[in-house]
Amino acid sequence: MTDWLSPDEWRAVALSLRVSSVATLVSLPFGILTALALARGRFPGHGLLNGLVHLPLILPPVVTGYLLLLTFGRKGYVGQFLDQWFGIVFAFRWTGAALAAGIMGFPLMVRAIRLAIEAVDPKLEQAASTLGASRLWVFLTVTLPLILPGIVAGAILAFAKAMGEFGATITFVSNIPGQTQTLPSAIYAFLQVPGGETQAARLVLIAIAVAMAALLLSEWVSRSIARRIAGA
Amino acid sequence: MTDWLSPDEWRAVALSLRVSSVATLVSLPFGILTALALARGRFPGHGLLNGLVHLPLILPPVVTGYLLLLTFGRKGYVGQFLDQWFGIVFAFRWTGAALAAGIMGFPLMVRAIRLAIEAVDPKLEQAASTLGASRLWVFLTVTLPLILPGIVAGAILAFAKAMGEFGATITFVSNIPGQTQTLPSAIYAFLQVPGGETQAARLVLIAIAVAMAALLLSEWVSRSIARRIAGA
Amino acid sequence: MTLSVTLGHSFGGFTLDVAFEAPPGVTVLFGRSGCGKTTVVNAVAGLLRPQRGRIMLDDQRLLDTNARVAVPPHRRRIGYVFQDARLFPHMTVRQNLSYGRWFARRGNGPDIGHIVDLLGIGPLLTRRPGLLSGGERQRVAIGRAILSNPRLLLMDEPLAALDEGRKAEILPYLERLRDGLGLPILYVSHSVAEVARLATTVILLDGGRVRAAGPAACVLSDPQAAPLFGLREAGAILTARVTAREADGLVRLDCQAGTLWLPDAPAAPGNSVRLRVLAQDVMLALTRPEEISALNVLAGTVQEVIPGAGHDALVRLRVGDDALLARITARSAGALALAPGRPVFAVLKSVAVAPESMGA
Amino acid sequence: MTLSVTLGHSFGGFTLDVAFEAPPGVTVLFGRSGCGKTTVVNAVAGLLRPQRGRIMLDDQRLLDTNARVAVPPHRRRIGYVFQDARLFPHMTVRQNLSYGRWFARRGNGPDIGHIVDLLGIGPLLTRRPGLLSGGERQRVAIGRAILSNPRLLLMDEPLAALDEGRKAEILPYLERLRDGLGLPILYVSHSVAEVARLATTVILLDGGRVRAAGPAACVLSDPQAAPLFGLREAGAILTARVTAREADGLVRLDCQAGTLWLPDAPAAPGNSVRLRVLAQDVMLALTRPEEISALNVLAGTVQEVIPGAGHDALVRLRVGDDALLARITARSAGALALAPGRPVFAVLKSVAVAPESMGA
Amino acid sequence: FAATSLKNALDTIAADYEAATGNSVTISYAGANALAKQIIGGAPADIFISAAVNWMDAVETEGLVVEGTRKDLLGNTLVLVAHGPAAPVEIGPGFDLKGLLGDGRLAMAMVDAVPAGQYGKAALQSLGVWSAVEPLVAQTETVRSALGLVASGEAPYGIVYATDAASDPRVTVVGTFPETSHPPILYPAALLTGATDPADRAFLDLLSGAAADAVFAGHGFRIVD
């Protein structure tokens, strides 16, 4: 296989996988918390938070990328702060690509998880609380397992989105082979070059294969959870 | 208000609204059917359909746009067929923009609706069938009302996505002011010019305002449905 | 209309293998928790597709696994009151009630207002089911099933969540459905009182098999079946003929061993009826007691004295051609020197032979 | 441990306004469907935050709306068997049962194996609740609540879905919980038999208000309350002292009007007990009947003859200091010329005074 | 950092350079606008080759260009292309582009945003045909997409760079716009202030060397002296 992909392309595939996985996994806890707040919370900033979460969906990716650059770039306030205090740099690193991908996939993830949370019967949670479980434990032992299919769905959406994300990524962290050149960036680059279509097509197939594998896995996980809950 | 937006910009806003609404409404029935098939169906092509639906999420939008061009363009097979037999032309029309936006939002819509369908208790559907309702009636009178919050969620995701969609649209139907120049295209155009940021920001704010209004509306609809189901 | 059912199905650890006939009237499925009652009812409704089986409603084939016939649930026109109410949460109580109406092709079923009054759910009509109390929910479910105008009614413990007062109102209505409309009912119940009152036929299930089946009176007095009903419910059946309704309202019945007076009769004078007498309600005396409030005294002979587990004994008597059971203390059995062949008088309080113990 | 409850709450059309004390033992909430029983229980569990109210468990304040105190449910340590079982669908039966254990801080509660045997759910342990039968689900829910080792047990119609056999196994266990562990139980039930058997205290609710409250014996024999229980359950209370356990196993009790024999006694010799006698189980005679199987005959005088709705009459007697009710036909009342002041003998079958009618 | 349109040529040059010197070159291709914004936003870039003068100006204004290193590296020409074989067109003032198009579309990069579009618009304006064809222009995100539209036959004609036109056999160059009709199409390159490695300067110098010129010319670029 190695011979029909250049090292740079290999690196793009590997990087895309890494970026998408990290983006999905790291944003998952935040996604769950946000979904929880949106589904159950009754607080003043509810509408605002909801809007904020959807923002990356509404804005053209380029705008999102630009805003990220302004905020998390080297000159950005948050970027400077993180750099100085924690030594975390997003700009032009693969971490930045992951940040961009994570943010772009966030609304999808949150919505899926939120729908799942809203479908949980609060009566079961009440039952758990009468058995001595505090709110945290109720969440961990009852709510969380019951929304697992929703979490899987949210994660796979976010992962797929991350695999395809390009506009925000290239705007935020550019397109540096081996560092920030993800699969979609590479595809894009090929499409911009005379005669790059076949190479682009090859990469597209790889992207599809990877995403399909993830999709099948998630289907299988969801089904087996559902089957267990049905009791069979 | 008219004085701080040029006529072209106004047209872009109006077009975006039209494209997003049409894309959402037209794809809704297909989204519901697809979600139903994916959630309940056990047929051979299940995995394939699932993958196909997710494709626009995985592929860079430019690729999707390009594929649309190849399929639904004037010279594309489907495009020619539709043109000859039904006189439907997508290329360089706002309908094409709606098609692109609809396809890009489709995976989001389907996933939300599917999650809602999977959360419906089949026991209620059984109860309806013993009362004489055929499968279609069961779906219309029991399943559909119960998944309404999921449908609203799916529609709003698709709408938001359509408001922000740009890559596939511009590749497929390009950017013709008044015909296919949507809000994101206009924003993009401003961003390409040095010093265009403030004008872009203005349009971004409009996009945000429109999407937020839709979002709040959907929240409100979902909540009132949920409240009715809870019985209060 | 007669329902005939043959089913074979097995889940992981549980195997169902039953065959029974449910003639017109109320057929009660009775048995311990987990014995397969709901499974049978689900199969009849078409919600469960059994591995093997044949279900006929008169001459219509609802299911025949050999012939690969399975009428879908919505075409069976079978009303089902579920063990859990399963109301539609997005509809008001009124919409729930009239749901089945939309689909009932033949018109004029029961009157909705009448059912609403009967079930006492008038004040709930505009509410949604989410916040109804357990009993309210169950009542709405009963109404919904009846109003769908079915050919057969399946009721899975419909009254378990209801108070005695409400039960006392609904039971006569079910009797009327049974008798008046000729609507066959397949009824799951744990309550022997309900069984005794409603059942035309009783099917006794145990571990997925039919243990006993037949007319209610026979099954209920079957000593084999007694452990399933509980000892306190042991009893026997007397056959009697209604002879007159007297001036003070009491009804006079003649049976071979003497005359009985009941406060009410299930049939007009001239008809034969079967009376269920609980062993517990029978007192024995060696001489005919005089000046007592109990009106019903029958002469008989002891056939058998069966010592019980505690300090009690079950005495089987022969009164005329019928058998009668009496449950007394072992001490009394000794004091009265009861032994096979000894003539005794059985005293039954007339009010104890309550109307709900009479099979028609 | 004593629970004292004062609550005021109103939903749309329904207003709850109750105050009662639940002393140690079993306090039964009794009342028609929709009268507010579940609402009260939910408030005690902390699942409903009433508009006004104060709930004390001994001297611990669980709720006080004036002081804005509301202990969250998980800190109340109150086990709750819900009207609908509410098992966790993603856990096996075993995991459901041991769920409460994880959180029970003080150790050694009831033994899980013992509870599993008692409830007959051994074969279900590895199953998931989704496909259990209705009664199986309810049994698991009972086990889960008991095993969470609570300080107070709330049971909302826990046995409604169970057969008599299973009930007969679980009831004695609940009695043991009540007596042995001193675990107070707040119990919702529609079954008078269960009430009579288990209740230490009865709270009669009607339309969101307390209609009668007090020791079980008093409430159950309150003629005011009779319509709520149903006429067949009307009865009265006799006070007696256990004097001896005799050779044949019967227990001898003395009351002012004579001697009674029971097959079992709720207390050791020397103690005073209260016996519940159903009006239906009492027969009247003008002369002391001889040679009959009924061992218990008490001398008394007629105090009042209350004509009933049908052909029956309720006769109130004075036997010693106690009152006794007898339900007989109007014809018998006439034949025996019953009128206030007339001396009569009340005949009760000893086996009819069953152990479940005795309040401790 | 280099504009995407340079990818093929630069890749070749970089590969030769790496082979010759052992130094490694990492090139990030994206739109000039994105790259400029990133450089202004602090991107760790050493060399910037822009596809448009204005974006290089923006970077220079921020003081990020090493003084004296900016030079116009390459030039390009603008051509009119048609789908499939087509007759050449005389491009001059007032030529009948509208008539040529019929009811078809003229594919161009975004005329207000993307350099190729801007140049094309300027050319058409100076030739006096812009107002006639303006409603028929299909603007694309990039000049490549415009080429794609023509190549696939969706649009009969398009205005693209000569470099792009050369690469696709499905299009024919039917005419070249006079250089005077639009501002000069230039690719400025410069060393950025963040560059510390002397090799950076060496590579920049190499780009204007003869070997590089040959490669660029091979890809259809015009070499600016």
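Just so it is clear, A, B, C, D and E label the chains in written order, and each chain counts residues from 1 on its own.
By definition in this document, a residue touches a chain if its C-beta (ideal position, glycine included) is under 8 Å from a C-beta of that chain, and two chains touch if they have at least 3 such contacts.
Predicted model, so just to flag it, every value in this text is computed and none were measured.
Any chain that touches chain C and also touches chain D would be listed here, but there is none. Once chain A is excluded from the assembly, the chains that remain, linked only through touching, form one piece.
Of all chain pairs, the one linked by the largest number of contacting C-beta pairs is C-D. Summarising the inter-chain layout, the chain whose CA centre lies farthest from the centre of chain C is E.
Rounded to a whole number, the gap between the C-alpha centres of chain A and chain E is 35 angstrom. Distance between chain centres (mean CA atoms), chain B to chain C: 58 Å.
Centre-to-centre, using mean CA coordinates, chain C is 91 Å away from chain E. Within chain B, the positions touching two or more other chains are listed as 62, 66, 167, 188, 191. Counting partner chains per residue, chain C shows two or more touched chains at residues 84, 127, 131.
Across the assembly, chains come into contact as A-B, A-D, A-E, B-C, B-E, C-D. Taken together, the chain A residues at the contact with chain B in this complex read 47, 50-51, 54-63, 66, 107-108, 111-112, 114-116, 118-119, 149-150, 153, 157, 160-161, 163-164, 166-167, 184, 187-188, 191, 200, 204, 207-208, 211-212, 215-216, 219, 226.
Within the complex formed with chain B, the residues of chain C that make contact are 45-47, 72-74, 76-80, 82, 84, 86, 88-90, 99-100, 102-104, 127-132, 144-145, 148. Against chain C, in their complex, chain D makes its touches with residues 11-13, 31-34, 37-38, 83-84, 123, 127, 131-136, 139, 156-157, 160-166, 168, 190, 192, 227-230, 232-233, 248-250, 261, 263-264, 280, 283-287, 289-295, 310-312, 326-334, 336, 347, 349-352, 354. Against chain D, the residues of chain A that register as touching in their complex are 123-124, 126-135, 137-138, 141-142, 145-146, 225, 228-232.
Within the complex, the chain A residues that touch chain E are 62, 65-66, 69-70, 73-76, 91-92, 170-171, 173-181, 189, 191-196.
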